[in-house]
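Pasting the structures here.
Both complexes below contain subunit A, partnered by subunit B and then by subunit C.
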Partner chain A sequence: MNELKKKIKLFISEKIDITNLADTDDMFKQGFVNSLFAMELVMFVENEIGVKVENKDLMLDNFRSVCAIEKFIMSKK
Partner chain B sequence: MKIEKTGVVGAGIMGTGLALTLLLYGKTVFLIDSDKSKLEIFENDLIKNIRFQILFNAEWKDIVPDKLKHNLITSTNPEILNSADYIIENVTEDWEIKKELWEKLDSICKKETIFASNTSAIPITKQASVTKRPDKVIGIHFMNPVPLKPVVEVIKSELTSDETIKNTLSFLEEIGKRGILINDAPGFVSNRVLMLTINEAFYLLQEGTASISEIDEIFKTCFGHKMGPFETADLIGLDTILLTLKVLKDNLKDNKFTPCPLLRTVVDKGFFGAKNKKTIYQYFNLNN
Partner chain C sequence: MSIKENDILKKFRSFSENKIAPHASYIDEKQNIPEELLTDLKKSGFLGVLIPKEFGGLELNYIDYGLLNEEIGKVCTTIRSLITVQNMVAVIINRYGDNLQKSKWLPKMASGEAIAAFCLTEPGFGSDAKNIQSGLQAEGKDKFILNGNKKWISFAQIADILLVIARAEEGLCCIIVEKKTVGIEITPINDMLGARGCLLGEIRFNNCKIPQSHLVGNLGFGLFPVAFTGLDIGRYSIAWGCVGMAETCLDISKKYSKTRKQFDLQIFNHQLVKRILTDMAVELKAARLLCLNAGSFLENKSRDSFAEVLSAKYFASKMVRFVTARAVELHGASGLKKGNPVERFFRDAKIMQTIEGSDQMMQLMISRYL
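Up next is the complex of A and B:
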């Protein structure tokens, strides 16, 4: 597993139990998290990864799963 | 009637949700509260909250959060509402507080200004009667969370004019809400039924018929509700539920609105729900 993915999973695991969460699972659809967690993910990407999330990037699709977050960050680097 | 300058009284959950909605739809918002710290929290979190709304509604993609901040004016002094076209109060469900507020605003505001009460249960006619503009007083029962709920109850009193109703419905449309117009009665439609449901859920819990999560699950899975009565109560505020039940009992003189002793106990112990992060679910994890 790459470092970025590890970092993302570590952040999520601090908030929720990710034992049964696959990297491609939609956390919102499957009820792992509530909608407020979406904003925490945005703050994580900005403050801990250092990637600015522009208005146009503020889409739930960019934050739905571990893979989606990774893909979004990579697209910004 | 063009409504650009809006006044929001009360910076609690409903007041701030409403202020945020009005800002998102380009209105100027004068937000007042006697508690300065509530206003500061709202101002400090505003950019974050606007971004949160953009995340869930692509309609607001082009909004520049910093720009909206300039459309917000906060104060502890109600005098700043003197130029507002439309005022919506969201203060505590306490008749004396609302009465005093309307009397004061009646003397401060322009004579054309419409007064709307986002009350949970206090009749609109009663509120209108303490002003010199009863034809311009109306009820709007916004739902929580305000930015995400597209439908509201609009309550006309015996005294509300057709013009006020028309202006209110078009104003609501401008801020993305559809109003369902109903007649005045304590608790209107939604809270008259909802408060009894939540109160009965507390009785079921008190009697040991089912657990808190079982009761919520029945509502969610059997009825398809998004939330069960306890989750709803946590979102609204357990203290607000208690207060609303008391208002309903006072106004309707019907004992069926007597608050369940368990609800009283929970509130007496300081569990108000999501607003103070002491929910009914936490109460039972701590006590059972």
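Up next is the complex of A and C:
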């Protein structure tokens, strides 16, 4: 697993009480996360990964799964 | 933590003591802000303290912003709230607004030409903000039609721009609505227990046409993270305001207890009174430390800042209810009489329990981090 994915998974595991979240699981649809998570996720991506989340990036498709977050971050790097 | 007193804070303290404090009791009694004070405030530049310098603001850091709220909390809850709401809305526009929105509104908000209101709560939905019903319907390519009711909105009576959270097909959205928009009806709400100068209002939006370019942040993200970015700052401001209120009440109570005599002793020298004053002082210190802690998390842009701000707001708003109640108690009958600042702060303190999230909402949110 690459470093970025590890970081993302670590962040999510701190926030969600679930053991086997698959990288493609839609966390929002499956109700694993509540909405405060959206706030923290944006802060995590901006301040710990160093990628600015622009207005146009605020789309669930960028945040719904581990893979989606990773893809979004890679597209900004 | 050592805090450096800077020139802006010194200037603000003097402004607060000389220009705001003399009006505090009038504002409470008349439920209004004197025009003269509003003009002074606008001229002072203290309305848009968090707005970046490039837009004419003071661009304070979060610790200094907290200390400023503490100063103003010491004298007047209404003016603290005015600065709080103005900066909540400014922070949202600065973070999630586009360049056009920023360059149009932030300079006006910094100069006070535009007073802002934050419109989330509705008659049927307070704590349950996620379920608000005000609706935005797309019309054509470039407009929305806004319908719905907002209630308990601070400064609705004087605001020039309303930041409204409403529901579109895609989910909740945040949109800037100019007060002059056709179809807006504002009914003043008066006679609140405390924070009585906040010029509250109920707002009805009747088929208001709003340009789609006024949308702040993407469709569907209006509450989280957009509006919550402002609520975070609102809670932080309130927490510091509570510290300021408690400081004044402790100060007045110490002085009073050293002049008032009963049983041939200054009441300060009765052991049970010492205990009350000690508890007031220690609770206050603890709240102030939580505020400083939250401020440094905000300043470091830590994702845990959200949780730290919640703790500070929860604790400080409980602390201020305790401290103001003890202050009233120590003053005997004279603490229960209008005109005594501790009586006003006691009423204002009760408001802090409900606004920007009630005790129970704080408990529920903080428990997520346990």
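Things worth noting here:
Rule of thumb we're sticking to: the second predicted complex is superposed on the first by the 76 of 77 C-alpha atoms of A that agree within 3 Å, B and C clash if a C-alpha of one lies under 4 Å from a C-alpha of the other, contacts with A are read in each partner's own complex, and residues count from 1 in each chain.
Basically, contacts are C-beta pairs under 8 Å (C-beta built on N, C-alpha and C of every residue); 3 or more make two chains touch, one makes a residue touch a chain.
Small disclaimer: the values here were computed from a predicted structure and weren't measured.
On the shared subunit subunit A, the superposed partners subunit B and subunit C overlap sterically. Contacts of A:Asn55 after superposition: both subunit B and subunit C are touched.
After superposition on the shared chain, subunit A has more residues touched by C, the comparison being subunit B against subunit C.
Of the two partner chains placed by the overlay, neither subunit B nor subunit C lies in contact with A:Ala22.
By the touch criterion defined above, A:Glu40 reaches subunit C but does not reach subunit B.
In the superposed model, A:Leu10 makes contact with neither subunit B nor subunit C. With the shared chain A as the reference for superposition, subunit B clashes with subunit C in the stretch 130-138, and the other listed options (130-138, 274-282 or 292-300) are free of clashes.
In the three-chain superposition model, subunit A touches both subunit B and subunit C at residues 35-36, 38-39, 42-43, 55-56, 58-60. Looking at the complex, you find that subunit C touches subunit A at residues 96, 98, 130, 217-218, 220-221, 223-225, 228-229, 232, 301-303, 305-306, 365, 368. Subunit B makes touch with subunit A in their complex at residues 48, 51-52, 54-56, 58, 61-64. Subunit A makes touch with subunit B in their complex at residues 35-36, 38-39, 42-43, 53, 55-56, 58-60, 63.
On subunit A, the positions that touch subunit C within their shared complex are 34-36, 38-40, 42-44, 46-48, 55-56, 58-60.
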